[in-house]
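Look for chain A in each of the two complexes below; its partner is chain B in the first and chain C in the second.
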Partner chain A sequence: MTSHVARTSLVADVKPVRRRGSGWHAYLFVGPSLFGVIAFLLLPMLIVLVLSLFDWELLSSPEFVGLDNYRRLAGDGQAWHSLGVTVAYVLLCIPLQTVLALALAMLLNQRIKGVRFYRSLFVVPWMATPIVLALIWSWIFDPREGAINSALALVGVTGPDWLSDPTWALPAVALVSIWQYTGYNMLFFLAGLQGIPKELHDAAETDGASPAQRFWRVTLPLLNPTMFFVSVTNLIGAFQVFDTVFAMTDGGPSHTTEVLNFRIYQTAFKEFDFGYAATLSTLLFLIIFLVTMAQVRFFGKRTTYDLS
Partner chain B sequence: MSHNPPIRWALLGAALLALTSCGSGSGGGGSDQVTLTYRLWDDQQKAGYEKVMAAFEKANPGIHVTIELLPYDQYWTKLTADAVAGTAPDVFWMTPTQFPEYVTKGVLSPVQVDASKYHQTVVGSFTYENKLYGVPKDWGTVGLLYNKDLFKQAGVEMPDKLTWAKDGTGTLLDTARKLTVDEAGKHPGDAGFDPAKVKTYGFASWNHYQTQWMNWVSSNGGKLVDKPFGKYAFNDPASVEALQFGVDLVNKHHVAPPATQTNPPTGKITDMFKAGKIAMFPANNALLPFVAPEATFEMGVAAMPEGPQGRSVNLNGLAEAVYAKSKHPKEAMKLAEYLGTEEPQKLMADGGYVFPALNGLSKGYVDYWKAKKIDVTPFEQEASGSTFPLPVTTGFTGFETKLNQIFNEMYLGKLTPKAAADQAVAEGNATVK
Partner chain C sequence: MAKRILLYAVLAVGAFVSVFPYLLVVLTAFKTQGQLSETAPWLPGLPPTVDNLAKMLAGDFPRYLLNTAVMTALLTAGQLVFTTFAAYAFARLRFRGRDALFWLFVATMMVPSAVTMIPLFLIMRQLDLVNTWYGLLAPYVLGTPYGIFLMRQFFKTLPAGLEEAARIDGAGPLTILVRVMLPLCRPALGTLAIITVISSWNSFLWPLIITSGDDTKVITVAIATLKQGIGVDYNLMMAGSLIALVPMVAIFVFFQKHIVRSVVLTGLK
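For the complex of A and B:
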C-alpha cells in the first residue's frame, strides 16, 4: 500500500514536465512499426477483402462478381472439410501443448542441478526451421525404419504407417507442432511463475494450504495474464498451420491433413483462383477474429489484480 | 504451428502495388547498354550458363545478361507474381506442365526458329495454336539406372531387352524377382519368403508420374490426354491395366518397396537406390548429376522395358521462353534464339548437364558420362524411338496435388486402379479450362 502511494506521488511529480508537443517524438519512434503494420498487414488485409469480390485467375484481368465467391463457399464441401480438419488440429494441439508447457515450467522452476541447461534444451525445437523439423520427423515416423515404430517393435507392437494412414496422419502432424512449441510456451510460463511473489505461497502454506490447493488457488489464478497471452498466440498460430503440413503430408492421405491454410495455398498458387482464395482467407480471418475476441472476453475479466 | 507472417499475402499486395504503379514506363534510358534478365532454377546448370552468357555478351557488346537463380518451388510462384506485375524476366525456363497456363494468358512471345532442327517431342510440348512459344532448350528422358554390384551378387545378367505384360510374364518381373532378397535369403515366390523383411528390392515401382506409371500407360497403348490442350483420358481399359501392373509390382509380386516408404512427398526412393537397397530404378537422366556422385556402387543404364505395345517413354524438354511484355523484345528474342543455336547447346551438352534439344549434339553429353564410366547411350536410343511429353493442358499445376493424393492411395492398395483412374480423370478434367 505504501509503495502504491509512493508511486502515485512520483507520477504526480513527473506530470508537469512538458507533455504537449512531445507527441512528435513518439510518432518518430513508432513510425517504422506503424508503417510496417499498415503496409504489410492492414493494406494486404484490405486487398484480400476486396479481392474476395472478384474472379481473378491472376494473369487475366480481375472481374467483379460481387458475393458470388461467398455463395460458392457455402456449397463448397472441400472448404468446409478443410475447416473441420483445422479445428480438429487446433483441438489436438492447444490443450496438450498448454498443459505440457505449464507442467514443464513448474518442473524447471525448481532448484535442480543443471536447470539452465534443461531450460535451453526445451527451447531448441522452437529455434529450428519448421521445414527441417518436418523432414526429420518424417524419418522418425517412417513405418519401417523410423525411431517410433522401431521402438514399438521392441515391445512387440506393430506401429501404423503414421503419415500415410488417414487415422494417424493428423495426430502425427499435431505431435510435431506440440513438440516444437511446448518449450517456447514453457518460457512464458516460467516467466509468469517467477513473477508470482514468494510471499503469497508462503502465506498460503502458513494458512495450511496443500500443494494442490496452492496450485489451484494461487499459482493458476496469478498465471492468468500468461495463460491469456499463450492461448491467444497459440490459437492464432494453430489456425494458420501450413509448413508442417506442406512438408510432411502435402494435405494427404485422402485430404485428412488438408487444413484451411493449405487449401488457400492450393487455390491461389496451384489453381490460380485468387478471388476464391481471398474468400477462403477472409473466412479464416473471421474465424480467428471471433475466437480471439471470445478469448479476450473470457480472460479479460480475470487479468487485473493488485499485487501491491 | 506457423508464427511466420503470411508472406504470400504481403507478396500479393506488393504485386498489386507494382501493378498500379506500373505503366508509367520508366524503361529505355539514354544509354546504349541493354540489360536482360535470364532466370533458371538449376544451380548446377547455372555454372554452364555463365559461360554461355559470356560468349553471348562478347558477340553482342550492347547487351548484358544477368542470370537469376531461384529454387524450383519458388520459381513458379515468383514468375506468376512477376507476370502479374509486368516485371517478369526477359528470358526464362519453361516446362511443358506450366506452359499451357502461361501461354493461354499471353505471357509468352511466339518465337521464329526452324522447328525441324529440334527434337519433335520438345517442339510439340511448346506448340500452341500451331505456333512455337519458346526455343527448345534440352530434353531428358526416362531410363533404367541399375546397381551392377547387386546384379553381380545375385548372379543375374541384365537381359538384352526388358519386357513387361499385364499377366506377369516378361523379363522385367523375372529379373526383379531374382534380385529381391529377404533377410533369410529367399526370393518372392519361394516358400517362406517374408515380404515384410526384404533386404534388397529388384525394382522401384512408385507413385511418380514422369518416370513411372505414365510410361506403363503409354507402352500399353493407353492415353494420358486425348490431344494437346485436351482432356485427360487415362481411365480407359489399356491405361487401367498398365496402372494395375505398376501397383502389382509392389503389392502382389513384392519386388518393389511398399508405398508407405516411397509415396511422395516424403518418399525416400532415391535415397534407397543410392544406399544400394534397390537394383533397378527408372529415372530421368537429369537425375544423374545428383545420383552418380553419391552412389557407392558401379552404376549402369538400361533402356526402359517394352510393354505390350512396344517401348514408349516420357521425354521431358525445356524451352527458353521470351516474356511477351519484355522492355527489350528485340534483344530478348536475340538471346533466346542464340540459346537455341549450336554453340551454347553444345557447351551445355559437353558439360554433361543435359541432352541438347538441337538434333545431332548428343555425343558431347555421352562422352562426358563415358568419362565417368556411365554409358548413357540407352537414353539416346530411347529418345529416337517412341516418346511422349507430359500432359500439356491447362490446370495441371492445380491438379498435380490431387493426382498425387489419389495415386498415393492406389499404390497403397487402398483404391483399385480403376477407381483411382476414374477419380483422377474426373478431378483433372474439372480443372481443364
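For the complex of A and C:
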C-alpha cells in the first residue's frame, strides 16, 4: 500500500507553487483533528495498555501488579466464555448477512419497477437507533404477546421463550443484527456492482459462460474491494456489539449472550474493576487487530486495495 | 414470467420484514394499555389514542430530545468544519510528515471504540468533565478519521487547475478552500453531514457512560432507562421510540440520494 510508486504519485499531483506558505497553513488545517486523534484515540489506547498492568477499583489508588491481570485472564473462565459467545455471534451474523446483502444487491441491480423504493425500504433498518430497535425486537420476541410467537401460534407451533431461552437468545440477538445491517451492506455491494463495466459481462456471455460462471469468474472477483471493505467493517462492528445485547438480554440468560464487549462494560462500570477491564480491552483489541490483518492478507492477494 | 413474479414476491417479503418493526412501533404508540392486551400486535387499536405521545411530550422527554438535537447539531458542525480543513490539507497541500500523519489517521479507524471508552472516561474524570456537555462532545467534535478519509477522497477528484488559477490571482490556501473548493464540495459535505447526523443521533454507549443528569441526558439513554423501571410500559416506550425515529426517517426520505451516494463515495476506491 505504501509502495514507492504510490508515494510518488501522491506527491506529484500537488503543484507546490507556494511551498512555504502552504506548509504553514497545512499544519493549522490539520491541527485540530490531529489533536482530537491524539487526545481521544491514541492517548486512550496507551492508557489501556498501562492500566492493564494495574489493579485499580476506582476509589482505591492504582497499584502496579505487573502481568497479574494477564495471569488472571488466563484462568478466567468467564472471560473465555465471553470470547466464545462473541465468536459464535460473529459466525451467526456475518456469513448470512453478507450473502443476503449480496443477493439483494444483485436483485436490485436489475431493471425493476420501483427499484429505488425497494432500495430505500431495505436501508430503513439501518437508520434507527440500535437501542430503540433492540427494545422493539425484544417485544417482537416476547413469548406471549410477541409477533413471532403469535404468528407461529397461527400455524399451531409453540415458539420458544426466545430471549429467556439459553439456546435461542444468541440467535435472536444475531437475527436483529442481520435484519439491521443487511440493507446497509446491500448499498455497498450495489455500488460495487455498478462499478463493474457492462462489457465484461457481455464478453463473458458471448464466450458462452453460464450465469453461474459469470458470477464466480467475473462478478465476484471484481467485487473484491467491496467484499474487503464490507467484511472488515462488519467484523470489527460485530466483535464490538454492545447496544443490542445491553437492551435485549443484558447478557443473559445465564451469560449466554454475554459478549466480550459487554463483559468489559460490566467489569469497568458495574464492578469498577478498571485494571482488569483494561486487560480485557487489550484482549479484544488484539483479536480485532489480528482478524483485520488476516483479512488484509487474504484479500490483499486478490486485489489492489489502494487507500491513497 | 414466473421468475418475474417470484422476484417481486421476494422483494415484497423483504420490504415487509424491513418495515414490520417500525409498523409495530407506530401501532403500539397509538394504543391504550387495554387495547394492547386485547388486540393482536399487528392490528391497530381502535380508536387510536394520542395519550402516550402526549404523556411522553409532557414529561422530561422533550428536554432529552432537545439535548440530542443540540448534541447532533454541534457534533455535525464540528465534524464538517474540522474534517474539511484536515481533509483538504491531506488531499491538496504539501507539508512535511503528511503521509505519515495520514496513515496515523487511517490506522486509528481500526481501534474499537469500546477499547477507548474506559480511558476516555478516566481522562474526562481527571479534567472534571464527567456529566458535562464538554465531556459529551469533546471526543467527537474535532472530526473523525472516517470523515477525513471520506472528504480526502472527494478533494482528490477535483481538478488541480482550479487552485492554480486562484493562486495566480494571489489567493492563499484559506481563500482557495473557502471560495473555490467548498462550493464544489456540497454533495460530499451533504453526505458527511448525513452520516454524522445519524451516528450522533443514535450514539448510546458514550452518552450512557459520560452523562447521568437530566441536563445532558439524550433520548437513547432515556429510552433505555424506561425499560429498567419496574414493569415495562410498552405503550410509552414505543411512543418515545416513535418520537426518536421520526426525525431520522424524515432525513432519510429527504436525502435518500445522498445516502446512496455516500456509500458510493466511501465505497471503495
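The definition used in the following text is that the second predicted complex is superposed on the first by the 271 of 308 C-alpha atoms of A that agree within 3 Å, B and C clash if a C-alpha of one lies under 4 Å from a C-alpha of the other, contacts with A are read in each partner's own complex, and residues count from 1 in each chain.
In this section, a contact is a pair of C-beta atoms (placed from the backbone, for glycine too) under 8 Å apart; a residue touches a chain by one contact, two chains touch by 3 or more.
These figures come from a predicted structure and were not determined experimentally.
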Check your understanding: Is chain A touched at more residues by chain B or by chain C?
Key -> C
Exercise for review: Mind working out whether A:25 is in touch with chain B, chain C, both or neither, as first, second, both or neither?
Suggested key: second
Check your understanding: Which holds for A:163: it touches chain B only (first), chain C only (second), both, or neither?
Key -> first
Review point. First (chain B), second (chain C), both or neither: which does A:288 touch?
Key: second
Review point. Which partner does A:243 reach: the first (chain B), the second (chain C), both, or neither?
Key: both
Practice item. Look at A:44 in the shared chain and tell me whether it touches chain B only, chain C only, both, or neither; answer first, second, both or neither. Key: both
Exercise for review: Answer with first, second, both or neither: which of chain B and chain C does A:128 touch in the superposed model?
Suggested key: second
Review point. So, A:104: does it touch chain B (first), chain C (second), both, or neither?
Key: second
Check your understanding: Is A:52 in contact with chain B, with chain C, with both, or with neither (first, second, both, neither)?
Key -> neither
Practice item. Give one of first, second, both or neither to describe whether A:118 is in contact with chain B, with chain C, with both, or with none. Key: second
Revision key, fill the gap. Overlap of chain B and chain C contacts on chain A, residues 39-41, 43-45, 47-48, 130, 239-240, 242-243, 247, 261, 265, 268-269, 274, 281
Study note, to complete from the structure: chain A residues touching chain C in their complex are 2, 7, 10-11, 13-19, 21-23, 25-30, 32-37, 39-45, 47-48, 51, 104, 107-108, 110, 112, 116, 118-125, 127-133, 135-137, 139-140, 145-147, 150, 179, 183, 187-188, 190-192, 194-195, 225-226, 228-229, 236, 239-240, 242-243, 246-247, 261, 264-265, 268-269, 274, 277-278, 281-282, 284-285, 288-289, 292, 306-308
Study note, to complete from the structure: chain B partner, complex, touching residues on chain A are 39-41, 43-45, 47-48, 57-60, 93, 130, 138, 142-144, 161, 163-164, 177, 181, 233-234, 237-244, 247-255, 261, 265-266, 268-274, 281
Check your understanding: How about chain B: which of its residues touch chain A in the complex?
Key -> 1-6, 8-10, 12-13, 16, 76-77, 80, 83-84, 101-102, 105-107, 258-261, 263-266, 268, 395, 397-398, 400-401, 404-405, 408-409, 412, 431
Review point. Which part of chain C faces chain A closely enough to touch in the complex?
Key: 7-8, 10-11, 14-15, 17-22, 24-25, 28, 36-37, 40-42, 82-83, 85-86, 88-90, 92-96, 98-99, 101-106, 108, 110-123, 138-143, 145, 148-149, 156, 160, 163-164, 167, 172-174, 177, 198, 201-202, 204-205, 209, 219-220, 223-224, 227, 234, 237-238, 241, 244-245, 248-249, 252-253, 256, 259-260, 263-264, 267-269
